[in-house]
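Common to both upcoming complexes is chain A, partnered first by chain B, then by chain C.
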Partner chain A sequence: MADAVKIVDGRNSFCPGPLMELIKGIRQEPVGTVFEVWSSDKGSANDIPEWVKRAGQELVSNVQDGDIFKIQVKKIK
Partner chain B sequence: MPNPEAINMMVLSNDYAKIHAAAMLTAVAATYGKPIKIFVSMEALSAFHKDPAVSGMVAQGPVARKIIETGGAASFLDLFRQGKEMGDVTLYACSMVLDLYHWTLDDLVDIFDNTLGVAGFLAMVEGETTFTL
Partner chain C sequence: MKKVVILGGGVGGTIVANQVARQMNSDIKKGTLEVTVITDSEQHVYQPMFLYVAFDQVIPGEAKKPEREILDRHIKMVVGSADRVDQDKKTVMMTDGTAVPYDYLVIATGSRPAPEQVAGLPEGGHLFYTEEGALKLRQALHDFEGGRIVITVGVPHKCPVAPLEFTFMLKDWLQAKGLGQKTEIVYTYPIGRLHSLEPVARWAAPVFEDQKIESHIFFNPEQVDPAKKTITSLEGETLDYDLLVAIPPHTGQDVIGRSALGDAGKWIPTERTSLRMKGSEDIFVLGDATDLPISKAGSTAHFEADVVAGNIVNLLNGGLGSIRYDGKVFCFIETSLTKATYITFDYLNPPKPSEPTEMVHMFKMAYNRLYWLTPAGLL
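For the complex of A and B:
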C-alpha cells in the first residue's frame, strides 16, 4: 500500500518558493515518498517539472484544480 | 581545472531585481550540485550592508517593488542562504569596495565566505561559465 502523499503547500508563494519547499522535502524524506506541491503560481507549475527532470526525480502528475496547480513528484533516488 | 558544471556570477549592479535574479539562480542551481561562486562588487555590495540606511539605497524598479510588496517571495538574502544550505555556494565580497568605504566583512550581513580581488576571481573561474549581473 502506498504511503500517504506529502502535501507541500506553496500557495501564495512565488517562484522559486514552491520549488524550494519541494526540494527541502525531498532532501528530508526517504526514497519512494510522493509529494504533492500546491501552487497558486503558474510559473511553478511549469518550472517544477523542469527541476524534476534535471534532478532525476519522477513527475507523477501535474494538474490544475481551480486556481491551484497540483504537481505530484516521487523521490526515486 | 575548469569545472563544466560550475556557475559563477559577478554581481555588480545595485538594481534589486538583478541581485534577486542572482539569488534565485543560486538557490536552484545549488540543488543540482553545481558549485557556484559569487563575486559581489561595485554598486551591489552596499545592498549587503548591515545598516539599513546603506542597504536601503538599492534601486527598486517596478518588479522589485512588486516582489517586496507582495511578500510571497523570499528575500534575496534568504535565497542565497537557501543556496548555501542546499549545496556548494561561496560568496565573496570585493576587497576594493571594502577598502574604498573602510568596511570589513563585519559590516556586511553574515553571508560572505571571504573577501576577494579581481585577480583572485579571474583565477578561480577561468574556463568556467560566468554571468555578470
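For the complex of A and C:
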C-alpha cells in the first residue's frame, strides 16, 4: 500500500514560507511520512531539493501544476 | 443566554473579548449574552519586551499588567488551567473539575518555547522568549568579556524577525560596551538565506557583510554539547560557541493535545480566511495556535482578532459570519539600538522593507508603551 501523503500547503506563505513549513512537518512527524509541499513561489522548487539533500532526506518528485509547485519529500531518518 | 468563551488571555484573545463586549454591550446588560475569558495567569504579558530585558533596557515589570484591568468590566474572567475542550458538550473542562459551556469558542492559546526539543539546549543555551530566560541572558551578557556568540534558530518559532533584531542589537550593544573587537557574532538560519522573507534576506545580506557578522544557512539546531560548548545541526555542521543564544523551536499548548484538536505539533488545523477550526462552525482559532503558514506574531493575532470578533458579533446578530482574513501581518524590525524599519504583507502582497530610520525606532519605543491600548481593543 502506498504511503498516505501529508499535504503541506505553503501557498501564498511569505513568512515562514514553504521550506520552513516542511521542516516543521519533518521535525514533528514520524519516519516514513511522505510530504507534498504546495508552493506558489518558484524559488521553492530549488530551495526545497537543496535542503532535502543537505538534511539527508529523500526527494520523491518535483513538478509544476499550473501556478503551483508540488514537491514530494519522504522522511527517511 | 448566548455564551462566548475565549480560551487564552494573550493579545488575540483579549482583543476579541473586548471588541465583542463593547459592540454587544446592551445584550450583556440585558442578560442575553455572556463573554468569558479563560486565562492561566492574572497577568497580561507583552512578550516583545523580553528582547529589551535581555539588554537591560527595560525590567520585566514593564511588560506586565493585570488582565482584569485590560478587560471590559462586563467580561467574566476565569483564572485557571483548562484541561480540555469537549466539542460534543460544547464545554471547556477546567483542571479543577468545573465546566465552562460555550455557544462560540475562540481558541487563542498561543504557543510556548520548547528548548527541550533540542538535546542539550536547555543546559547549554540561552533564550529571551520568557521572563526567566531573558533575565538569565541579561546576566550572561553583563558578565560576557568577549568570545564567540552563536545565534541559532529552531522551527517553528514565533516573532520571525527576532533573530535578526537580536543579532543587530547585540552588535550595537557589544560595540558600546567596548567588546566589538573581542567578539565574533555567528548567525545561523534554518533555510537557504538569512530570513524567510526574501526581501528581508536580500536587505540583510550586505548589512551582515558590512558589520562582519558570520552566517551559516541551512542550519537546523539538533544537538548542543554544553560541556564542549558546541552545537550541531541536523544537516551535520558543528559550531563552537562561548555564548549560545537560541530562538527555540515552539510547540502548541498541551490543552490542544489533550483535546485532540491539533496535529503532532499541537497546532490546530484552521481555515485560512474564515479562521474557523476545520470541520467546526462554532470554534474560531487565532494567533500562534493555528496551523496556518503565516508568521506567529502578535500583529498576526491582532489582525485575526479583528476578523474573529467581527464574525462573532455578526453571528450573534443573525448574520452568516463571513468576514475574511487576508493574511495581514505587520512587524517592526529593530536594526540597531537606535534605528528600525518595518514590513507589512498579506497572503497576496510581499513585504518591501525600507531603509531603517531613527524615527521608526522611536515609534517602536513609543508603541512598547502604547501597546496596552491594543488588547483593550482601541489601537
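By definition in this document, the second predicted complex is superposed on the first by the 75 of 77 C-alpha atoms of A that agree within 3 Å, B and C clash if a C-alpha of one lies under 4 Å from a C-alpha of the other, contacts with A are read in each partner's own complex, and residues count from 1 in each chain.
Just so it is clear, contacts are C-beta pairs under 8 Å (C-beta built on N, C-alpha and C of every residue); 3 or more make two chains touch, one makes a residue touch a chain.
Just so we're clear, the structure is a prediction, and the values are computed from it rather than from any experiment.
Asks: Looking at the overlay, does A:55 come into contact with chain B only (first), chain C only (second), both, or neither?
Replies: both
Asks: So which one touches more of the residues on chain A, chain B or chain C?
Replies: Of chain B and chain C, the partner in contact with more residues of chain A is C.
Asks: Touch check for A:28: first (chain B), second (chain C), both, or neither?
Replies: It touches chain C, and chain B stays clear.
Asks: Just to be sure I read the superposition right, which of the two partners does A:43 touch: chain B = first, chain C = second, or both, or neither?
Replies: After superposing on A, A:43 lies in contact with chain C but is clear of chain B.
Asks: If you lay the two complexes on top of each other, which residues of chain A touch chain B in one and chain C in the other?
Replies: 12-17, 19-20, 23, 27, 51, 54-55
Asks: If we count contacts the way the header does, which residues on chain B are in touch with chain A in the complex?
Replies: 24, 27-28, 31-32, 67, 70, 72-74, 79, 82, 86
Asks: Quick one: in the complex, what on chain C touches chain A?
Replies: 117, 155-156, 160, 190-192, 196-198, 218, 220, 234-236, 249, 263-265, 293-295, 327, 329, 345, 347-348, 350-351
Asks: Spell out the part of chain A that touches chain B in their complex, as residue ranges.
Replies: On the chain A side, the touching residues are 12-17, 19-20, 23, 27, 51, 54-55.
Asks: Could you please specify the touching residues of chain A with respect to chain C in the complex?
Replies: 8-21, 23-24, 27-29, 43, 47, 50-51, 54-56
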